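Per-chain residue numbering starts at 1, and chain names A, B, C, D, E and F are given in the order in which the chains are listed.
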Amino acid sequence: MSDNRVQKGTQVLTKLTGLDSFPPLEAIRNFYPDFADMIVANGFADIYSRQGLDEKQRELITLSSLITQGAIDQLDFHIHAALNVGVSPVEIVELVMHCSAYVGFPKAISAMGVVMRIYQERNISVHQPV
Amino acid sequence: MSDNRVQKGTQVLTKLTGLDSFPPLEAIRNFYPDFADMIVANGFADIYSRQGLDEKQRELITLSSLITQGAIDQLDFHIHAALNVGVSPVEIVELVMHCSAYVGFPKAISAMGVVMRIYQERNISVHQPV
Amino acid sequence: MSDNRVQKGTQVLTKLTGLDSFPPLEAIRNFYPDFADMIVANGFADIYSRQGLDEKQRELITLSSLITQGAIDQLDFHIHAALNVGVSPVEIVELVMHCSAYVGFPKAISAMGVVMRIYQERNISVHQPV
Amino acid sequence: MSDNRVQKGTQVLTKLTGLDSFPPLEAIRNFYPDFADMIVANGFADIYSRQGLDEKQRELITLSSLITQGAIDQLDFHIHAALNVGVSPVEIVELVMHCSAYVGFPKAISAMGVVMRIYQERNISVHQPV
Amino acid sequence: MSDNRVQKGTQVLTKLTGLDSFPPLEAIRNFYPDFADMIVANGFADIYSRQGLDEKQRELITLSSLITQGAIDQLDFHIHAALNVGVSPVEIVELVMHCSAYVGFPKAISAMGVVMRIYQERNISVHQPV
Amino acid sequence: MSDNRVQKGTQVLTKLTGLDSFPPLEAIRNFYPDFADMIVANGFADIYSRQGLDEKQRELITLSSLITQGAIDQLDFHIHAALNVGVSPVEIVELVMHCSAYVGFPKAISAMGVVMRIYQERNISVHQPV
């Protein structure tokens, strides 16, 4: 991997997580460095740093994909990331509701459970649009 | 179903399709009216007419879900809908590229094939952001 | 949402759970009332209270869908619901076995694990048909 | 494979299809006999000929699984099979509607399209329960 | 089920697990013997003991399928099985990386987490190919 | 994208297809060059040219993933690719049979249909291992 892409992707990751170093990624790097580099370079550098969609749009798209594929254990990262790049708490809740019509209630209910837990951890309260 | 929700959903559908009457929905209505009403009321009225996300955001979320679940034969409707509510041609292409990291290349390539066909039909040319 | 649909759906939910009030739904209602109403109205009122299929058939269909989509964490609710509306313990086990041919053994084995745990909690013993 | 299981499964297949010999299976048998035998023995003999669920219940479960996994090209066989073992036309339509809440509208709409085509081919008209 | 297929499948299972008796299967057998027999006969005897692919190839195929369907809770069994039949630790890690391009990063990252945990439990260290 | 990775990926693609230039990829390149480069660089260069798994193993893994995710329209490419890098016709058929236990019969039967068509087009006859 070119160092350049890994650097660019690391900057994206810092923006998404708000952290200089992301422990779960460092655990992967200790285990098998190429996979960590691939996540950062092919995932974050090549995708998130592209023009054409802003970071908020990219996180909406990502959250929808995670909910649709039932990747519940990867939702935490991207709910935090979405909030960190400026997606509003209500937008995330409405996204989950929107998805219920496209993926069915079971996956939407599971996803809302994760949202509820994270909002409680971050002391976020939401008010429904009237 | 309340007539009110069906009316509200029909207005949403008209906005998404640009058509007063959508033939595939009318075919369903002739076959089994309650399913047509449910699509319109529970899908379009209860979801798309909510506050909290605008129509462009809702179509990005929908397209991501369709690509993720491999619902290729339902992509046409929502690529047209996305364009009709103001999602730009480049945004749709970038969405498909973004999804490739989250759902893998096979589904992304299939989806891009649909995008390419529709853009040709609608004489849309895209220019990559520099 | 019309109060009427929410009321009708709440009655269905009471029948499925055997409870006047279902705590996980109330937690959602406290968080974002519209999502709770949507689950009850669009899920339980509009679907389960329809004619054409009885409740036992609806739970067989639901369980098959949950197992197929790997929605293991939503299985508890509907195994209990199936038992509560009169699906027999053997029918549920046979449904899981049947699904193994349609979704593969991994998802069927995961589902059977949930069935086994619930039957133990409810002191249900099953006897294979001869 | 034991001849016994293949024979038993072939009888099930005849019941589901209404045909003494099912051409797509015979095409597979000409290509690679063991796969045909496995479909018949492990699929139809070991599953459909079990006690505990009747054939109508088994087809409801199968249809729900096919719709959920998006296996649209395998729906034809089991819609015909469901009708052949006595599932009513309305029950199949209601099953598709029911699934819309569990798998989302896109897959349900695709499935309903197959139902509509088959009912037209078989001159089946459905009347909604009042 | 014929005793012969169950015996043959049990031998396969012993090879995959390194154990004379596999407790999770015995728990299923105590609950509903036919399902245990079906897993062993239709799964292990009819599939794994066939010619045409060796056991290492079969485990690569199985692991790819499990990762793709998000069947994370069934990964443990087959990572151990793969190692037990001679798939190398690096091959498994490379398989997960390979899958990231076909199923997206979320499922690949979840799978790598399981691999990392199991390698730690078994004191396996991997060295990237140069 | 670095020219280097695109070049390396193009060499992989030529090996998989047996063609100097692959028309479907060129169509994508004419439409939106970055997506073509991403497929080639992130897909073929970064994945297929890695050490640790050989090309035959990589195609077995890919085919299993495609069948599992129901990506039937992407199977053609990789069945041809598998044959081109030396996977035997019987190995591919056995892979599909193997998958039937992990993904269910519907997806396996659909996949076998593609295999049968391609083998007929390429005049490949298979003989079952005894």
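The working rule: contacts are C-beta pairs under 8 Å (C-beta built on N, C-alpha and C of every residue); 3 or more make two chains touch, one makes a residue touch a chain.
This structure is a prediction, so every number in the text was calculated from the model and none was measured.
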item	value
Touching chain B and also chain F, the following chains	A, C, D, E
Intersection of the contact lists for chain A and chain B	C, D, E, F
Copies chain D and chain B - interface residue numbers shared by over half, same or different	different
Chain D-chain E separation of Cα centroids, rounded to whole Å	30
Chain C-chain F separation of Cα centroids, rounded to whole Å	39
Sequence positions of chain A contacting 2 or more other chains	34, 38, 42-43, 46, 50, 65-66, 69-70, 93, 97, 100-106, 128
Complex contacts: residues of chain C adjacent to chain A	27-28, 31-35, 38-39, 42-43, 65-66, 69-71, 73-74
Interface residues, chain C side, partner chain D - complex	42-43, 46-47, 50-53, 57-58, 60-69, 90-91, 93-95, 97-103, 128-130
Partner chain D, residues of chain F touching it in the complex	70, 72, 93, 96-97, 100, 104-107, 109-110, 112, 116, 119, 126, 128
Sites on chain B touched by chain C in the complex	1-2, 34, 38, 42, 46, 50
Chain E to chain B touching residues, read off their complex	100-106
